[in-house]
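Each in structure tokens, the structures are laid out below.
In what comes next, chain A is part of two complexes: it sits with chain B in the first one and with chain C in the second one.
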Partner chain A sequence: MAAKGGGAPPTYSPSPSSFKKSRPSIFTDVDWVRPDGRDFHQCRPAFLRTGAVNAASGSAYAEFGNTKVIVSIFGPRESKKAMMYSDTGRLNCNVSYTTFATPVRGQASENKELSSQLHKSLEGAIILDTFPKTTVDVFALVLESGGCDLPVVISCASLALADAGIMMYDLVAAVSVSCLGKNLVIDPVSEEENYQDGSLMITCLPSRNEVTQLTITGEWSTPKIHEAMELCLDACSKLGKIMRSCLKESTSTS
Partner chain B sequence: MQERSEEEEMVTPGEILGKGTDLIPGKGAYLSRDNHNTVYASLTGRRSLIPPPPDSPDQRPIVEVIGHKAHGPVPEPGCVVIARVTKVMARMASADIMCVGSKSVREKFSGIIRQQDVRATEIDKVDMHTSFRPGDIVKASVISLGDARAYHLSTAQNELGVVSAESMAGGTMVPISWTEMQCPLTGQIEQRKVAKVGA
Partner chain C sequence: MVGLSIGEKHFIQGGIAQDLRTDGRNRLTYRPIIVESGVIAQANGSARVKMGRTEVIASVKAELGKPSSSAPDRGKVFIFIDCSPTAAPEFERRGGEELSTELSAALRQCLLGGKSGAGAGINLSSLSIVDGKVCWDLYIDGLVISMDGNILDALGAAIKAALSNTGIPKVNVASAAPSDEQPEVDVSDEEFLLFDTTAVPVIVTLTKVGRHYIVDATSEEESQMSSAVSISINRQGLICGLTKRGGAGLDPSVIFDMISVAKHVSEQLMNKLDSEIAAAEAMEEES
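Up next, the complex of A and B:
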């Protein structure tokens, strides 16, 4: 983008050197290795626990590599009096970051967007008719943001809902895929997310094979979208199995 | 005589419990909406099978999932609740629901008892101040979900009404009849809509 000639009105144009994001050449190389040594199509090992918060009706803690999230569920409890009457239950989601979650102190600014995305992915899975007139509050706290935050929050939230005894159609598993040049990378780390060309996130109900939310950002070609969706759905079903075994283990030992 | 058989293994939401042709979904299970007609679990817990009564036309056993964690109950129409009266007004009394059945709730729900629901006879001549006072513990039944603010409660049965109340002197009163309670410290008689407790 060359700067305009002297006769043009003085508009702000970014200087040429800062226009192209300087991507490390290793990302465009065909056989580079991911920062944590994983395969392109390999997800991070998941650590999941329920019953982390005693004060809440249900709670769960999830650790996927460096991304650590804790979710607590309160409810079903009385809706605020200002709300209108509804004969189905209501879901209220809130995602917040701790100040020490990112390398630079200070909040990541997409809080409201993450909350509404969490709401959309969970409301398709919860049977709202079973608790009319009441509200279920979901509070998610991201303790450390190591990339791929929203999918981890969604999976952890559905585990917490199952722990709280809220009736659901199925557990919700979420996985996201990043497109880096020609490569598709699953479960990206925050470094990879910064340089991505596009991202695709799917939240699905694994054993019923239904998708509750699909989010695509960036530039994608149609065959790449198909490939990414298949990768995600496959990873979601595996994640679903891990979540179920975690639930069964924690309930049979308690 | 129904015997339920409970299994050792836990099920999680979304797990298949059986086919819709073999089982009826009970509490904690649901029938899928697609045409595969399968019964899935909707709670985390143990599966339990209730055999059908022998004279019903539908001979499928009912499958239920018993939740492992008893999460706080929610008032439903028809259940009996224990509430504490907070405000008494000319035509209604508001109460905080504290227990549903025999389980206590985690956070209180709001309920109101309207003048016409206090007792079954002479409902237009009810004086709210001779039926309840703030601080009384009442046993009531939930008539309906009410409006956005409160559940509608009723004490219009013999076993419903004030269960425990404090007199103006501070002693726990003893019921004398279905309209009166007496303070053991001062002997004063106060008027309440008293519940008939016991045989």
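Up next, the complex of A and C:
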């Protein structure tokens, strides 16, 4: 499933919607052509690999186009002595960017907002009772930010958790959709994200068909939300299948 | 955090299932909302909102600033929420940081719209004074004084009321400024322009307890929730933002149902808030 340099990586492409061709262009006189030549409803090819970091209990590396993320899991390990006793496990998430991740060099800072969103997405999927009194640390590092960062971080983190052997109800797949004028564009790149009129991000458990997190910004009418959600759920189920095959392959080769 | 016995938990869940909550309300009824505006004299606009025992204060200050290079024709808005230790002892120092970040992020999402500015509750272009050089920086600060559930809705209402109360001073720009120098700007002390708040949305939080949704949950009811969805809806019935809280997963059909219920509830809430804000402004002018 995952390519190594040479051959074309498999794409997960949600079923192209037939009415996208009859939609008017987003700017009245310019037709939006995606910078990488994809269809509006086509996601970037996904490259996923587990076992990227030897020292960690589990780890995964994900590359979706230009967005490159590496996630390490440490744990379950002893909670800090200052924390109260708890008979369910604790999850500690941390998302940080490298200084060279963005086009303009930035501070290598931890992003508190993304960390808390990652936490909310994962806590619904992990069976916390299986590791009481301990903490599982999820450290995500965005090596290059090419758009759609948080969904890639979430998917990669759940793959890493599976690699670490943490018990979960299901893998977590995340996809986001950008609204550019009247068009819905799935898996936007950073250029499209800068022009977007609104965005919708879904995190779901594909086999259980449950949504663990949903974030909408911008102005949306209800039918548009329905359409965007169906698009995303379809893409999430395909991404779930790719994640599963990546895990199977890593166990069969090791 | 209030500790509940098993009997109390069953009582709350059973009551909600039968459309009769512990304080006698129906599932989709709000607590009485009290709005006072102009509570902080030094701010450009301020408001205090009480929903039952939840009390928040929002203040708006406008300062002159330089627009960012990526958006030279727009002003900037900064939203910060602070949870005061008077609300709960665990908020002392860094304890309230997590909740504050979550609330600030949710409010920023709801009020500032997409990156291109579409669907924003606050029109950022109206805050620009001189393109690329001078703009208004709006600092919206929320303070949580007392917590009894449903803080996000209360903060949304307080910010809406504070913005209605906000007066941006009139600015005279010295026209004879060379293009590469900072233009001289004269801020008037007397004349004010009222902010346009017709596009500011309201936030409705639907808390799912068992199989039913309630609106305006108290902190006891929130402790029993499986998940909560906060939806921000503007006057045209369009959704300006949505966040889901709580770890439990939700079926997509449940989310669609919540969205339609929220739209229905938001109309009443919007009308109620508008009348309360108008009454508060009238009272402020009298005093």
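Quick notes
Keep in mind that, in the parts below, the second predicted complex is superposed on the first by the 218 of 254 C-alpha atoms of A that agree within 3 Å, B and C clash if a C-alpha of one lies under 4 Å from a C-alpha of the other, contacts with A are read in each partner's own complex, and residues count from 1 in each chain.
The rule is simple: a contact is a pair of C-beta atoms (placed from the backbone, for glycine too) under 8 Å apart; a residue touches a chain by one contact, two chains touch by 3 or more.
All values reported here derive from a predicted model rather than from experimental measurement.
Superposition note: with chain A as the common reference, chain B and chain C can be accommodated side by side. In the superposition on chain A, contact is made by A:205 with both chain B and chain C.
Once chain A of one complex is fitted onto chain A of the other, the partner contacts of A:233 are limited to chain C, with no touch recorded for chain B. Within the superposed three-chain model, A:116 lies in touch with chain C and out of touch with chain B [touch as defined at top]. Of the two partner chains, chain B is the only one that A:248 touches; chain C does not reach it.
This overlay, made by fitting chain A, leaves chain B and chain C with a least C-alpha separation of 12 Å.
Chain A residues 205, 208 lie at the interface with chain B in one structure and with chain C in the other. Residues 112-113, 116, 120, 123-125, 179, 193-199, 204-205, 208-222, 225-226, 229, 233 of chain A are the ones that touch chain C when the two sit in their complex. Of all residues in chain B, only 9-10, 12-16, 28, 30, 32, 40, 42-45, 67-72, 74, 106-110, 145, 147-149 touch chain A in the complex they form.
Residues 57-58, 76-79, 81, 83-85, 87, 127, 131-134, 162-171, 205-208, 240, 243-244, 247-248, 251-252, 254 of chain A are the ones that touch chain B when the two sit in their complex. By the touch criterion given at the top, residues 70, 98, 101-102, 105, 109, 112-116, 118-119, 229, 234, 237-252, 255-256, 259-260, 263 of chain C touch chain A in their complex.
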